[in-house]
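Two complexes come next, and they have one chain in common, chain A, joined by chain B in the first and chain C in the second.
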Partner chain A sequence: MLIYILRRLLVMIPVTILISIIGFIIIQAPPGDFVSSYIAGLEAQGDIIEPELIDSLRARYGLGEPIYVQYFKWVSSFIEGDLGYSMIYREPVVDIIAQRLPSSFTISLLSLILVFVIGIPIGILSATKQYSLADYSFTVVGFLGVATPNFLLALVGLWLLFKWTGTVAIGLYSPEMQNAPFGLAKFIDLVGHIWLPALIVGTAGTAELIRTMRANLLDELPKQYVTVARARGVKPTKLLYKYPLRIAINPVISTVGWLLPVLVEGEVLVSLVLGLPTIAPVLLDSLMQQDMFLATSIIMILGILTLVGTLLSDILLAIVDPRIRGAV
Partner chain B sequence: MTQAAGAAPIEGIAAGDQTDQRVLVASQWQLIRWRFLQHKLAVISLVVLGLFYFVAVFAEFVAPYDPYIFRAELTLAPPHTIRFIDPEGNFHLRPFVHPFKKTLDPETYAAVFVEDETIMQPLGLFVRGDPYELWGLFESEIHLFGLQDQEARLSLLGQDTVGRDLFTRIVYGARISLTIGLVGVAMSFFLGILIGGLSGYLGGTVDMVIQRVIESLRALPTLPLWMALSIALPSDWPVVRTYFAIVLILSIVGWTSIARVVRGRFFALREEDFVGAAELDGASNLRIIFRYLLPSFLSYIIARLTLAIPQMILGETALSFIGLGLQAPAISWGVLLKEAQAIRVLALSPWLLLPTVFIVVSILAFNFVGDGLRDASDPYTHV
Partner chain C sequence: MTEIQRGGTAIDELGPSTEGMDGSLLSVRDLQTHFFSREGVVKAVDGVSFDIKPGEILGIAGESGCGKSVTSQSILRILPKNGKIVGGEILFQNEDQIIDLATEDADGRVLRNIRGKDIAMIFQEPMSAFSPVHTVGDQIIETIRIHQEVSKEEAHDQAIEMLRRVGMPNPARNIDEYTFNLSGGMRQRAMVALSLSCRPKLLIADEPTTAVDVTIQAQMLELLRDIQADLGMAIIMITHDLGVIAELTDRVMIMYLGKEVEHGTVEDVFHRPQHPYTRGLLASIPKMDPGRVEIEPIEGVVPNPYAMPSGCKFHTRCPDFIEGVCERHEPPLTAVARGHEVSCFLYGGREALE
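Coming up: the complex of A and B.
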């Protein structure tokens, strides 16, 4: 098991390096070198730039030096935790991300939980009661859920909310709680608001999970070991949980890692539509105004978090399914 | 997918000797076609998609108006009710509408459109309207349908925020939104086959490197990556160039899943007996790849491609919706939704959300067709 985890970690190293290269390409992608656009941005806001500052910035990111030197300078400062300085927020990038990332993370995590809590039981129900009314209705809902992009769902949700309550924004807290210190009351307030975006973010994932779960379980149910167990008089519920479900759930666990980027992505769009104070609006702003340090840092951190998530799901799968440990 | 192991590929196989003979001599593609036709939803979806693409190709002719000509007095006019029975209760075989009369709400001073029941404007097929050039080649002013009175405007799905006809704009938007998926998938297909094929056939270090690149591209959340790349597109580019740039950006992530599938198939098939036989026969590597390996999973790849198209369509819609994709003079479903973003406008004019319906229907249709193709083409689930 330990060897398996170590191997998995080793594979992650080149991937992380590649992600950083992609990140560096993104910084380089806009026309002009990034310090020039950085300075142009500061000047546009009416700041007077000291020539020394320009020089120090150029020296720090090794502009004018070969491209690989620039890359190493950027990566080493990234590893040291110096993500640069945001021109539009006038704060170190680290601080901005630290403020915004928790709420993004909470929404994604909560929708992950919702996806499982809703998806798995419905999938089981659909498979065991195949071709029942419930099965048909969940299948229809599932197809619609897969086909409807989350942000459109958010837009429709926003419209319905406005129709019924007249409120424009959802937010994560009620207005009176916005500036309250974090405590139990604020937490309850948060729970009251966060479930809707989490549900919207998770819709497509839930629909997908219902389909996978149903198909997997239907593949297992007609097998002989199920018939044998039933013939031996194992109680239906116990039989279901003890044999076919354990096999049917493996592919579900292995896809958690791929579900994560989908949720992060969904969170970005849904937050933009609903106007939630997550990392998403910052990402859009920073891209729009070419604040490339901020933008790239956000993308890199989302990427690395996804990698960690994939690792966790792989480890989880190895715990559940002993056959995996030997493979890789 | 849920097919039990060992199921007959064609349900009619046991029906009699005649069918049996037919199945035995049928080519692989014939078998695929028969199997596909059994999937009712997929067939219906294929018809729907065919209709959508027909409309997209002949947008100028199908749309009753010019997508850019606006009628300020009809700003945010609701959809017309198409009627057959006039206020006196007489039935008319030719459908008609009552034109809108704009009045002000005495309390809120908001513009309210009421139907003027004294005037009847009949609809017609092949009516004259705004002049256009079909594909920039044929000049005409005949539209598939519209009001017989050229001056009046038929508001089939309502008017937008500056008084342009929404149905017309949805029809024109289909042209970009529906083709972007096809072009994007074609590009992903090319990259995926090439890189995945190399990876799977050469193996070793090349395979290692390519696999790590794919993993890192997939680890990055797709949408932020797309957003970051589309920022690099200059905003003064013409629509066509932006269009292809967006397609390229969408394919940067899209090719990875195709490449994975291709590689997996190559690995699995390399060990098959027929490949060994071809090798013993003295066939070259390239001949083995293109004559034996590729045809044996091409149908499967096509099914996967069909399922990838909706992702591309959604990608374009999302990018345009947040303002990073195609920009305003261009018309796509995402651009239309971006214009519908203001919630206060939306609350009073819910028809601005109608592009959503077209997006969902086309995505559903692609999913069903893809499912049908996969069931028809995928011999691997029967193992």
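Coming up: the complex of A and C.
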């Protein structure tokens, strides 16, 4: 097992390098660079730019040099923990991510908890009472949840909330709390705001989890080991959770690690609609404006988190399923 | 005083059927188990009766779909969701009580206490009889602790003892193994150990030799015989393999389409088969005689379960079909010798029709 983990960690090194190269190339691929789009923006506002300023900007960011030189410059500083400087926000990239990470993480974690707390029991209920009224109802709700884009739900949610309560549920804090120091009052304000985004972000995931749990459990319930356990006198409740549920939940465990990058990033469209200070809108901005350090850094971090998440999932699966453990 | 217990309340007024359990351990009377689906009703078991005494080995044989497995599932009340016992009694002599298993709550306390403790079952596929994510020992110990008030350590020791008794090579190690680590023969033994972990009075073996090759099959039969001699439990052996019946059992019941067609001692049924179906079954076994001997399969195919034949269920395939009788009336059981009964108009029952 230890050897397996070490081997997997070793394999992650070349993959990480590959991700960094591909990420860097893709960001560099569109014609022009940040300076040219920056100038275009200024010119559109009627400003006149002096050529000396342009050259000094280019030199400062090393934009004139060949791409591999730029890559190595970036990689070496990335490894040292210097993620570079964001040109649109005029702030170090580390600061931007640090500001947004807590709210990204809080919203995503909360919605994840909602997904599991709502999805798993409903999935179990749907499977054990297959073709009952409850099962049919949750199936309809589930399909709606999967099929409706989350940003649309966000819009509908905003509208409904405004219509019923008159509040505009934009952002994580009320305007007057925005700049207040974090304390009990601000926390209460946060609790009042965060549930809507958490619920909306979690809808599709919940619906999907209901379907997955239902299908997995329906596969396991008629298996012979369940009948055998029943024939041994095992209680009906234990018959459900000790045996089939243990196995039905494996696919959920094996994908839970993939959620790690999602936790950090947050969802783009919902964040935009609800004005949430998550990392996703920043990534979108940086890509659109070719803010290369910011974009590449975020992509790198998400890439590494994906790798780590996958490894975590595989380790978890090996812990819960002896069949996997025997094979590694 | 023998009492019949239904749903926890004792009923003093005994029906006529409770008379003469006659020292039987289990008495199945006119059992009817039907399956309900959108396509219709399948009468998987349609009026089957038999008794088994303590320590006796009874064989139930027939083609696939004849209702033999459903009979065993009915006894333990582990039928699939759409299966229901619609009639009959399954009387079980439990200490000084007679319990009608057919009317008890399927997952209630009474049945749960009997399952695994007094009546245990061996299944066809040992690989899938154990949960793949729990060790063999986990499940044996669980069974022991459901039915006996013993500590974990004591249950553990009992489990090892049982694994040793069924011939596992290294019980102390095998107890912590998963089924996918065991060979086919070992899995069979582990499964036997699982079902015997509480030393049941009755063991139902549902096609235990079907999914394994002949050498393991032979080991399995030997093991069952040894264990039976050792622990003295009664066995119901369910199989389509008449060789297994001949080798292991005392008495045999032949079933066809949910009905009993013939029963008697193995000696009677194999050497003096009466029912045309039994004769057909015996004639279709390949012989080991030198030279080529044609095997004679039974004509025709098993009818569609949703469209059962009228009268005697076998009349569509019967070489001795009596027109005007067999397709109109169900033959009653007729005794042809002491303890040897046949349900066929060739041996009587027509007088009652006139």
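Rule of thumb we're sticking to: the second predicted complex is superposed on the first by the 269 of 328 C-alpha atoms of A that agree within 3 Å, B and C clash if a C-alpha of one lies under 4 Å from a C-alpha of the other, contacts with A are read in each partner's own complex, and residues count from 1 in each chain.
As a working rule, a residue touches a chain if its C-beta (ideal position, glycine included) is under 8 Å from a C-beta of that chain, and two chains touch if they have at least 3 such contacts.
Bear in mind that the values here come from a model prediction, so they are computed numbers and not experimental data.
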Practice item. Figure out whether A:I298 sits in contact with chain B (first) or chain C (second), or with both, or with neither. Key: first
Check your understanding: Is chain A touched at more residues by chain B or by chain C?
Key -> B
Exercise for review: Using the superposition on chain A described above, determine whether A:L287 touches chain B (first), chain C (second), both, or neither.
Suggested key: first
Practice item. Could you say whether A:F138 touches chain B, chain C, both of them, or neither, answering first, second, both or neither? Key: neither
Practice item. Determine, under the contact definition given at the top, whether A:Y225 touches first (chain B), second (chain C), both, or neither. Key: second
Check your understanding: Which partner does A:F116 reach: the first (chain B), the second (chain C), both, or neither?
Key -> neither
Practice item. Could you look at A:Y71 and tell me whether it touches chain B, chain C, both or neither (first, second, both, neither)? Key: neither
Check your understanding: Does chain B (first) or chain C (second) touch A:R246, or do both, or does neither?
Key -> second
Review point. Should A:F151 be classified as contacting the first partner (chain B), the second (chain C), both, or neither?
Key: first
Practice item. Show which residues of chain A both chain B and chain C reach, each in its own complex. Key: 222
Practice item. Report the residues of chain A in contact with chain C in the complex, numbered from low to high. Key: 222-225, 227-236, 242-243, 246-247, 320-323, 326
Exercise for review: Write out the stretch or stretches of chain C touching chain A in their complex.
Suggested key: 76, 78, 80, 107, 112-117, 120-121, 123, 125, 128-135, 139, 142-143, 146-147, 178, 180-181, 194-195
Revision key, fill the gap. Listed in rising order, chain A residues that touch chain B in their complex are 11, 14-16, 18-19, 22, 26, 29-31, 143-144, 146-149, 151-152, 155-156, 158-159, 162-163, 168, 214-215, 218-219, 222, 258, 261, 264-265, 268-269, 272-273, 283-284, 287-288, 290, 295-296, 298-299, 302-304, 306-307, 310
Check your understanding: In their shared complex, at which residues does chain B touch chain A?
Key -> 1-2, 4, 212-213, 215-225, 227-229, 231-232, 234, 310, 314, 317-318, 321-324, 337, 340-341, 343-344, 346-347, 350, 353, 356, 359-360, 363-364, 367
